[in-house]
Amino acid sequence: MNPVSGALLGAVIVGALSAVAGLLLPRPARSAVVGVGIAASGVAAVVAGVAAMAGQGASLALPDLLPLSGVVIGVDALGGLFLAVTGGVAVATGIYGMGYCTGGRHGHRTDGRLVQATLPLFVLAMMLVPVAASVGTFLLCWELMALTSLLLVIAEHRRRPAVASAGRWYAVMTQLGLVAILIGLLVFVSNAADGTFAALRVAGHHLSPTVAGLVFVTTLIGFGSKAGMVPLHAWLPRAHPEAPSNVSALMSAAMVNLGVYGIVRVGFDLLGGGPNWWWLLVLSLGALSAVYGILQAAIGTDLKRLLGYSTSENMGLVLIGVGAAGLFASSGDGTLAGLAMAAAMLHIVNHAAFKTLLFQSAGSVVYATGRRDLDDLGGLRVGMPRTTAAFGLGALAASALPPGAAFVSEWLLLQALIHGLPAAGISAAIVMPLAVAAVALTAGLAVATFVKAYGVGFLARPRSPEARSAVESPPSMIAGMAVAGAACIALALLPILVLPAIGAVAGGVVDSGDPVAVTAMTIRLVDVAGSLSPLMLAIALVVGLAATLAGARVFATRRAARAARLWDCGAGPLSARMEYTATSFAEPLQRVFDDVVQAEQDVDVTHHQESSYLVKAVEYRRRVPDRIERRLYDPVLAAMAGWGRAGRRLAPGSVHRYLGYGFYSVCALLILLVVTR
Amino acid sequence: MSLFGTVGIILQLLIVVALSPLLIGLMRQIRALMEGRAGPGIGQPWRDLRKLMRKQPITPRGTTEVFRFAPPLLVATCLAVAAAAPFVTTASELDPVADLFAVVALLTLGTVALALAGLDTGTAFGGMGASRETTIIALVEPTLLVAIFALSVPVGSTNLGAIVTSSLDDPGQVFSPVSLLAAVALIVVIIAETGRLPVDNPSTHLELTMVHEAMVLEYSGPDLAMVELASSMRLTVFLGLLANLFVPWGIATTGAPLVIAAAVLAFVAKVALLGACLAVGEVFLAKLRLFRVPELLAGSFVLGLLAVAASFFLA
Amino acid sequence: MTTLLMLAPALIPLLAALLYALLGWRPATEWVGAVAAVGVLAAAIGTAVGVTADGPHTTVFGLLRVDALSAFMLIVIGAVACVTTVATPGHLRVELAAGRTDDANCRQLGMLVQIFLALMAVAVLAANLGVLWVAMEATTIVTAFLVGQRRGRAAVEAAWKYVVICSTGIALALLGTFLLNFAAENAPTPAGLDWVELVGVAPELNPGVTRIAVALLIVGFGTKAGLAPLHAWLPDAHSQAPAPVSALMSGVLISVAFYAVLRVKVIADAALGVDFTRALLLVLALASLTLAASLLLAQRDYKRMLAYSSIENMGLLALGAAIGSPLAIAAVLLHILGHGLAKSVLFLGAGRVLQVTGTSRIDGVRGLAAREPVLAGCIGFGVLAIIALPPFSLFASELGIARAGFVGGLGAVTAAALLLVLVIAAALVGHTSRMLLGAPVDSPVPAAAAVAPVAAVAPVAAGAPVAAGAPARPPRRRWGADTFALVGALVTCAVLGLTLGPLGPLLVQASTVVTGTP
Amino acid sequence: MSTALYIQLIDLAAGALLLTAVLVLWRRELASIIEVFALQGVALAALVGIMAVEQGSAELGAVALGVLLLRAGVLPWVLRRALAGAGATQRETKPLVNVVSSLLAAAALTLLAYAVSQPLVQLAPSAATHAIPVGMAVVLIGFFVLVTRRLALSQLVGFLLMDNGITAVGFLTTAGVGLIVELGVTLDVLLVVLVLQVLKTRMREAFGDTDLDELRELHD
């Protein structure tokens, strides 16, 4: 019983027990026990994951579980990484959930028995997906994850009608994803000895290119939709905002990673890397997702929907890394492939940390004010100092600026793309610069998005009574945020904690050596010139800041600061309505990207009856549709509705029509029998 | 910490802090002379700073720590870049920090702090300035990174010291089309980042046109002094980077005091020359409408892409 | 393995029917049906244990025979019968209170349901194709009265269509039986309609005649199973029949009809090779799936929606049978059991929704989860089971069918079927979520539910009662027997989804009966 | 009796069977349709009787008598009673497919029956098996009547026609499928007719006239 299987078994048992506790315990104790249970199983998962990444594998076969296919569990380094990330997110959200479920003044109670029982099962399913080692087990855990997350997404269906439609979108798109993965993996199984990954691995190397291509593309559709890849991302900005915030934190920070896990597992591990058109497809879809996702986030005003689109963007960046890794691997350049894969995996870890923090602080805002629209928030710094600090830290990390966590992984990604130019042939020469441009535009827009979210949402003066009366959230939520915040800071300043292990895993996936050499202070790239020291950057900044403050104290006057009114051009005190809201902040960006976004704006002016020169009221409404949905999904939905209406004519009710079906088919059958004697 | 490294850092810090207001003074003086005015003299910025330092600090009602700590953070970022970048010496101690991406990201951090401060005031001016500034940053990033990409291809690394030493060793590389295209792209980026004329008019307070000024409207006294110092230091740092990446001669590679002194002089001369050209250029340029700036940036982005393509096909 | 144990599944219900005939439907005799059903299940399990131990057993001078396949079907009949008969008293209590039925009707229903169970047991135990046909036709006649029981116009129309279409289809099967008998008699070693003899003589049957016989038999029995060309009776009959009856019909009657198709397939594969029945069944499967998808997308009536979902699942069974590998047949049998349980829960739940809301239109039901959390929970999880989400057994069986399809070389057809199943799942989720989710609609609760004033015990499903300020909620049902039946069936379906336990060896033996290869 | 006479008698009975089926299609009034159906019962009974005499088996003779009693006696009586209760309007039927095309369809169906039954005839060529195509034709024509006639009663006749055809094929192919199955089949047919009869009366109460095509309340 090596540590991996011990810890994994522990995580499963604790998870199951807390699910039972969630179902049976009375209300006050319920969410507390479930929260502790999830955190404990999270810790166990992290231990198992880290041990697996250190090379201690584990495998277990239970043939009589899951009728007709049996359950096979196998933990390797790649699975261990995602297990650890899921465990870490579970720890933070477990602690956070204890307070959040009580619903708060404006919040909504989500501590019913069904929700509290499903939450640990959802975490459990997410932990089992990376360790499944046969097609049957993988699909079982994948669908359990889909089912439990669906039940959690619709937890607040009584409060808002949008929750039910979000649940519908989510259920249908996960089912579409499942069918795509099912077809892909079963085509693979039909060319292999049996359903276990080991057999698939053996068969994967001598599949015909067309079959391998079919397997890769169909599984890419399924996994891409789970990772929020652009053409199949429609459920993400709907399901995340409508779900309770601890659930959307789990979904955004842990569940979408499993989409990337699937692509890496099938693409690299089972099929052993493929021709470079696969990886060009992944890279271009990743770039498209990144730019489109962050563009929608930059222009959106709903805080949680903004974070949902930002998840789609970050997964786009990860897919760029994975695509680049595949491209380099297929053109034979191992270390660069390892570097790109390490960048992608580090970005998954960073994204898990800061996205958990962001969704938790957004949840804390919803808990305190009951509102998600940035235009109605503002001035939360006064009432909720700790949540504001947490969101600030998360925003700094998310916008990839130096002392933040994402800067390190985006730096690695850019280094991989830049040094990849000469290596990967003509097609790469065209794609690499565009990929760098996409990453850069994404980074720029991410800065704009999070300046807007933080500045408009938390600073200045409150723009609604709820925001004015906001009060800090209960200590358990703050503790949850503290855990995630600590993770962000650690990842930002001390990448040595995770990067060596991730480098080893990345090297293992593309079977090249360790791509990065990490000392306490600096990250040095192996056989590629490039080094970065996030810690030294931070120290330089702090020293500079201290020097500036000291200089200011020395040279400036000793007189105490005087409070004064803001400059109001002499027109009397400024009211909160004069502030820049999210809509106005994003208006220049929306105007610049108008042909991509095509926001619908309508301004209607109501005049006084007496004379049309006097304006009584001006109403401005703006809706930013998701153009991909309009261009791609609406025709499909219309076709389905048309098919439904046409189908209705098949059963008009006349008994003669029904008997006629039988008569003509029997005659046709007899004629066929005669003809084909 | 080798002696040569620390001396280099201290010298660079001194130059940037002390001389950058003079650079602004020089540029204003040149513009004044070109426009037939007498001009306040090169030392005027320092006199303004001294005046501001002596005024009573004011904290507007309803603002938070973000508003108070933005100016020192802005100055700190400039100091950090000044310490790390190879202005006077190539072998700076903070070499791992001196990565081009890191330097650019640090400067962006400063701008973000200022934008947040603008938003924190809650006035229309602050919001407008922040919104326009972040839009410009978002559009400048692709050009900046693609230009860096182009510069790094012949050298094989994005480390500033490496780029400078490699262009020192092989002068032909400087005049290749790659670095020329990259230089033009970088010049447009620098104008946009530091808020010079075609993109933003630094000396105006007209709501329709101001970007940088709108964010700092609420600052006064020592805070305003820090902001003014920081913007001058940013200009010096950017021009210094431009100078050393494309005209690296005169930079000290060995520890001899004489060589260092020559390097200092060379650096000051180069930055002053670039500042003068910029000032002369500004006299003849009018401010672009805000929504024509993306076209300018798109043009520079295409130049950057051509630089990268050139570096691949021609190399 | 005594003959009595084998005949028990047929005799016990007849005894119960006799009791109902004599004593009528009174509180005392309400539970006779349930006891009979439990007896049938117990006998079925006993028979199954006996069959797995010492092989098939024939009695009643060669007319009835039980082997692994029929034992498994007996267990399916017993299980679904238990669920429905435990829920019937609760259902009828509300119907009686609402005045929609009277004691005579209840007595007739109780009696006919028990006869219906006995006939299905006989059909499954039949050793002779003729006896199988007679039993199937008898079930049509018995259920005709059950479907037409409610006096309304719709019930009569449904009954007429049901009898006419089913009898026509079954008549085709009779013609097929006669032709098969003709082929068997003219085979080198003459044989009658006895199944074992037929399987023995199958390789020497005249291919020309056997093809026609098998085609007619599969289309004929396919009608009773709700497969494509003559399927249209199913939505009318299942939506108009009383809830327990439609649960039984949809849960197990169409599966018994499919059992007959499986029996015919064994003979056909031996006589004509696999390709003939595979082609025919594939056409029927795809037609049924396309039809179900077309009619589910814009469906307006939730009982018809459940009926079309039954047609879809029968199409999947036909696809599994067409593939024919041991894995596929085992998956088909497991799917029959899983679908029986889940569909009976759904129809019983739909019956309860009809009583609570008074309308069978989908847009007439809003915010059901808020008003009836337990019922909505059962229906919600039932639909999740029907669209084959784990942990329910339909996930394991549909995965088994899909995998057998791809491994068996029918990749394209299986992929097409999976896409159609996806469209159907989307339609089902869409319609059910519109009924269940959403804010509680404070429309006055129809008289039916209000009259059954039962105290409310802590709700099982999502959300505690809203704070005191919310409008007074209608009294919710005690954990009545029918709720216990629904939840029990769902839990059984979930447990089966995780592990088969003792059913495993029986399932393997049953699939070897069909495929002939272990 | 001599084989030639046997063959002629079999052909005569089969011809009568087919003729009566076509007549059902031809006639419009329900009363005459019921008479024609009774005639067909007699023809069927004769067919079975002739085979009984040929094979000299008393059991087959008893079955022939049973067929005569059921299909010529009981069933027509039930139909006449239903018709009597139906009232004046029920006499006239307006089929979905007009009479001429019905007859053409009947011809086509007969051809199809002959083509389909070739393997059956070739398996055991004898006088009886040569008549099988006629039985198949009657089945198909019965199905056609079911599909195209509007009134419940005529649909009932269509179903019984189809059943006569199947029974004819049953007897022509083998001496019988065993007594138990034979009894079961006839019992089932009788019960189906009774059920349809009960439903018809209920439909008349619910819907007034029983024109099936108006029965469209249950639709999607």
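Letters A, B, C and D mark the chains as written, and numbering starts fresh at 1 in each.
The rule is simple: contacts are C-beta pairs under 8 Å (C-beta built on N, C-alpha and C of every residue); 3 or more make two chains touch, one makes a residue touch a chain.
Remember, it's a predicted structure, so these values are computed and weren't measured experimentally.
Engineer: Can you list every chain that touches chain B and also touches chain D?
Structural biologist: A
Engineer: What is the identifier of the chain with the smallest separation between its Cα mean and the overall Cα mean?
Structural biologist: Of all chains shown, the one whose C-alpha centre lies nearest the global C-alpha mean is A.
Engineer: Compare the CA centroid of chain C with every other chain's and tell me the farthest one.
Structural biologist: Centre of mass proxy via C-alpha means gives B as farthest from chain C.
Engineer: Calculate how many whole Å lie between the centre of chain B and the centre of chain C, each centre taken as the average of the chain's C-alpha atoms.
Structural biologist: It comes to 77 Å between the two C-alpha centres.
Engineer: Roughly how far is chain C from chain D, going centre to centre by Cα mean, in whole Å?
Structural biologist: Their C-alpha centroids are separated by 33 Å.
Engineer: Mind checking the centre-to-centre distance between chain A and chain B? Centres are C-alpha means, answer in whole Å.
Structural biologist: The mean C-alpha positions of chain A and chain B differ by 36 Å.
Engineer: Averaging only over C-alpha atoms, locate the centres of chain A and chain C and give their separation in whole Å.
Structural biologist: Centres of chain A and chain C (C-alpha means) sit 42 Å apart.
Engineer: Give the residues of chain A touching no fewer than two other chains, as numbers and ranges.
Structural biologist: Correct list: 647-648, 650-651, 655, 659, 662, 666, 670, 673, 677.
Engineer: Check each residue of chain C and list the ones that touch at least two other chains.
Structural biologist: 160-161, 164, 168, 208, 211-212, 235, 295, 298-299
Engineer: Using the touch definition from the top, which residues of chain D touch two or more other chains?
Structural biologist: 116, 119, 143, 146, 155, 212, 215, 217-218, 220
Engineer: Can you identify all of the chain pairs that touch?
Structural biologist: A-B, A-C, A-D, C-D
Engineer: Across the complex, what residues on chain A touch chain C?
Structural biologist: Chain A reaches chain C through residues 27, 64-69, 109, 111-115, 135-136, 139-140, 143-144, 146-147, 154-155, 157-159, 161, 163-164, 167-168, 171-172, 175-176, 179, 182-183, 186-187, 189-190, 195, 640-641, 643-648, 650-651, 655, 657-659, 661-662, 665-666, 669-670, 673, 677.
Engineer: Give every residue of chain B touching chain A within the complex, in rising order.
Structural biologist: 53-62, 64, 66, 69, 72-73, 75-80, 83-84, 94-97, 99, 101-102, 105-106, 108-109, 112, 115-116, 118-128, 130-132, 134-135, 137-142, 144-146, 149, 152-153, 155-159, 162, 217-218, 221-222, 225-226, 290-291, 294, 301, 305, 308-309, 311-312, 315
Engineer: Where on chain D does chain A make contact in their complex?
Structural biologist: 96, 109, 112, 115-116, 119, 140, 143-144, 146-148, 150, 155, 212-213, 215-220
Engineer: Given the complex with chain C, which residues does chain D contribute to the contact?
Structural biologist: Residues 116, 118-120, 122-124, 139, 143, 146, 152, 155, 159, 162-163, 166, 169-170, 173-174, 177-178, 180-181, 184-185, 187-188, 191-192, 195-196, 199-200, 202-203, 206-207, 212, 215, 217-218, 220 of chain D touch chain C in their complex.
Engineer: Under the definition above, what is the set of chain A residues touching chain D in their complex?
Structural biologist: The touching residues are 647-648, 650-656, 659-660, 662-663, 666-667, 670-671, 673-674, 677.
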